[in-house]
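Once you've had a glance at the structure underneath, I'll fire off some questions.
To keep things simple, chains are lettered A, B, C, D, E, F and G as they appear, and every chain counts its residues starting from 1.
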């Protein structure tokens, strides 16, 4: 069976079972990325992301895992760093373009869909490999929203969701402990708790990014000092 | 015989028997997708689609299987999620463009044909793989219409039709129980019944999308509450 | 000898004997398509096509095998459904363009030649596979005309001709029974008779498309009721 | 030695002996084509071409082997039908364009050279296969002219020449029996005689195309009735 | 396992474990490059780079390892010389363009991000190999900044960092001896010390590039005479 | 060693020894071409080319081996006929363009260099094979000139030179018998003598092209009658 | 190990050790080229190049190894003749363009860098092979300059440098005998001496190109008579 797999997993093409192996391999890269968690809380959307900083001289603030995409939209990714940065940069251009053309903030679903379309093309055309990232895109428009896009480019909305190496453990915990309309504080604590559980090493404030998007304040990100209050 | 098959199933080219293996493999992906059903009833076209939601924290309304394409046109797909979303988005652009250019709603057949042409190209040109989706496109123009387009890009009109993993079972039931001019209610019940039969797990309202397109109201989609009345 | 063939049948290139295997494989797909018949009769050109409808809920009128290309031109194909629909759509654009530019109906030979040129390119350039269809293009301009174009893109005019799975049997019958200036009625009966002979299953009106193109009425297609008179 | 050949005969590239195998294979296709003959006679250029009509219902006049390219230029080909039709169509566009730009008939040598350049590119660039045809291009400008272009794109002028399956036999006969300033009648009889010799089957008028290009009348083609006078 | 690796390391595509082998091989080229060190000191950013000059007749000043990118931005690379020169040239164009369009100096992070996006594309598209360089980009805008970009195109900010063959040894030393707000003098001495440790051969002034970027003087580079004071 | 060669001789790429096999194979095709000779004589440049006419009905004047490129420039080639014709046609366009843009005759060196650049590209880029011709380009501008360009695209000036199958024998004779400032008559006789020596068959006037380019008369070509005087 | 190498040396891609084999093979072609030497002397830059003229009838002045690029810039190459001519032609266009746009002579470093960028692209993109030449580019702008660019596209400045087959021997001699501010005469003698040492055959004036670029006279090249004074 092994030679059979090899025959269909190079370039974007179907295996006899209708699978796209290059997409599945890209997901493998996501499975090795640091964990990110998103959750819809009572007054806003919460994002907590692990930053796996192994070198002591790195400036933690420059290793960003949660990004402000627009005034009311944030995003976090797991997987290939450069793919993540590239897609975030693409999202920023697209929301800015939307604002220029329509004079309004793009909805969270609309930008998620646009990114999904970009990522879909990388699974259908030759001469390009699939993106090796999953994304959590959260924000507030008429409602609080949280979407996941994965290397195969499908996207779904979640109340709470996790991507990256801790996805399985995180999902179990979220399913047990996430509650509708839990407070932002509780949601952050839940997220931080999961990342603590997933990682063996002790967490310092600089190993976390925490951001919250609310109707009132839009996208806000926590300082290391604020983060340390949750450790 | 096995090495022989392998020789012709990578890239878009014919096997000695005139088969396009990449198209056949794409159909395999459709055969693994969740089931969607469409039926022409007395006063409108009915669409019922199964949503295979495995994660409890997914927001079911964000996992859409039936889409409003235009005021009087809806569509549902089975197969690769991102291919489905991409084609639906393409359909919306095309019908909008039609409205802008001709100042009229595009007919259901015309938009089905346009999508079929897009999907045909993905079976004839290099550097792109075939789409791994089947589509049911339903609507009302001068008449009630229901079309299916499949990965090989052929399309046909149906009184009632099913795509996805339950296609075979669904077809048997439809052939026995579908009746011309059955009421919209009966058609929905028939569709829901088939999806119940196809799936072993108990269905919750959030496991279904139900939409109806009528001359009077155009495309309408059911709320979970309305859906629960059919379970 | 077998490995030798394999070496030249992928991509468009010549075998040592000067053969284009991909074109020959495309013809194999045509040989598996439903039979279509065309014949020049006394007052018009007759087209009879078999529609192999296997699913009872298909709406037969949506499975079209004979198409109006222009007021005085019709076409039928055998082979890959989506290739057939694509080429018919191309023919319609070309004749419409001709009308716009030259303010006259394009001749049957001219449109056949144009399609032949399109299909020739798919046999000479890389990055595209040959079309897997044969076409019968019939019509009336200064005279009654009937042309065949095949996957290798050669085209010839016929008094009467058949394409698809029943080609060989049809040809024998046509050669024996076709007569110059036979009446349209007789030609239709001859065509229907052949399709009956070729197929084992009993024919219903919805298993046939019949169209006639005459100087007087241009392209007309038969209703199922009219068709049933010939069964 | 055999595997060695295989290594260089796919795609346009040189073998260690400096041969282009794809061009040689294309010539093989020409060698299997029906025979065409051209000859310069006293008052014009004569072309005689065999039409291998195997199906009785084909309309012989639609199977054209000699084509009017311009008022004083004709052409005939042997080899792949669709390549032949494509190149003839290209020649017509080019001579028409010449007339439009320079307001004069293009010379026979000029159009032959232009076609040779097109065919040369198909032997040097990737992504396209060589043309599988030989052409005889004849006409009258300041003089009577007859040129041959072959799949390798070289071209030469001939007093009398043959292409296709009967080339070898035809050449022997032409060398013995062709005479400078033989009459058009004699040249036609010589050409018809050769085609009779090359083919085992009895020739009917519809198995031949005969055209003559003279200073006085330009390109004229014979009716079946006229042709029958030479059988 | 070895043949398995070979199957995925040619062209840009994922291995079953989600790795991009061509990127990893490019890093190998960086690992063989001469060492460069960057550090943020109290009043500016310090860059020290080893120049491995093996030929005595080379003019050392022409072998540049640290480059002025803009008035307040410098960069050094390790890896393939021509890739390094190409990217530096690209950075200069981009900062110049930024100045022209926005009439302001581009921030260090912005130019690093732009280069990272260029390098990301070389890891995702076919027809181009990844860049075989790591870059340290340092400068002063609202703050002192130091970024690293590597062949996989990820980038992070550092207080102090090393790239090239001495990276591992340099990192150990930097972690032990680097101090926040150490003086520029001390930072240079630390950098030079590391390069001395990494290389067995005695260092001459022409084996080093030293540059400092400060708020006051912008980018300044040391003369060999100034450098010799640190040896 | 044999499999090793095969690995590098398809497509334009270097072998481990830095050789371009496709260029070397193209030279092999030149080595099989008919011989052409060029020589600078006292009052002009002489070109003598062998025309290997094997078919008696070919019109020798149409098999051209020496071409007028411009009023004072001629060229002859050995190798692939269609490549030769194509490059001559390119030379004519280029010199004409030069005349139009600069209102002066292009120098022999300039046109040789331009052709060399075109031929160089065919040795460096993919998707095109090298030209399988050598060229002798002769003419008079401020001086009498004779250049050779070969498939590898290098070019050099010669006092006297030969290309094609007789190159080796021709070179020996030229080295012995060519004299600076020999008369045009002597040079022609030398050239014709070499071609006689190289070919076993008796030469007829139609087996030779002879052209002379002088300051006074520009490019002149000999009639068969004039040629017969040298046999 | 051998099969391992073969796997990475076709097309531009990295081997597991981060090497670009096609670039290394191109260097092999340079190593087989005739030797060129450059040296900065007291009043100018000296270039001496060996011309390996094997055919007695070649006109030595047409075999150029040192080229005037601009009034104050010269260049010599070793390696593939046509690549050398192509790059020299490119350099001339670029310096001319610079003069037109900026109304000043381009600096030696700037043109060297531009050529290096062109050559870098041929090592990173598919569909093109690396250039198989090394270049010495010398000239005078604000200072006397001498740069080397090699197939991998790196470039460095030298006091004195050699490229081609004699590089190793030349380097040893230059290191021993080159002196800063040696006279132009001495530098020429040194260069000629090295070429004598490298080649076994006796040198004639026509086997050498000698050029000098000085502030006063710009680029000047030596006549054979002047050259013979150094033999």
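By definition in this document, a residue touches a chain if its C-beta (ideal position, glycine included) is under 8 Å from a C-beta of that chain, and two chains touch if they have at least 3 such contacts.
Keep in mind that what you see is a predicted model, and the values were worked out from it rather than measured.
Participant: Which chains are in contact with both subunit B and subunit E?
Facilitator: A
Participant: Looking at where subunit B touches subunit C, is over half of the residue numbers used by both copies, so same, or under half, so different?
Facilitator: Homomeric contact, different residues on each side for the most part.
Participant: Quick one: report the Å distance separating subunit E from subunit F, using the average Cα coordinate of each chain.
Facilitator: Each chain reduced to its C-alpha mean, subunit E and subunit F end up 53 Å apart.
Participant: Which integer distance in Å separates the CA centroid of subunit C from that of subunit G?
Facilitator: 66
Participant: Quick one: report the Å distance separating subunit A from subunit E, using the average Cα coordinate of each chain.
Facilitator: So the centroids are 30 Å from each other.
Participant: Quick check: what residues of subunit G touch more than one other chain, meaning two or more?
Facilitator: 11, 126-127
Participant: Please classify the inter-chain touch graph. Allowed labels: line, ring, star, complete, other.
Facilitator: Graph shape, chains as nodes and touching pairs as edges: a ring.
Participant: With touching defined as stated, please give the ring order of all chains, subunit D first and subunit F second.
Facilitator: Ring order, starting at subunit D and heading to subunit F first: D, F, G, E, A, B, C.
Participant: Where on subunit B does subunit C make contact in their complex?
Facilitator: 7-8, 11-20, 109, 113, 116-117, 119-120, 123-127, 147, 152-161, 171, 174-175, 178
Participant: Of all residues in subunit E, which touch subunit G in the complex?
Facilitator: Going by the criterion above, the answer is residues 6, 9-11, 21-22, 25-32, 55-59, 61-63, 80-83, 85-86, 89, 122, 126-132.
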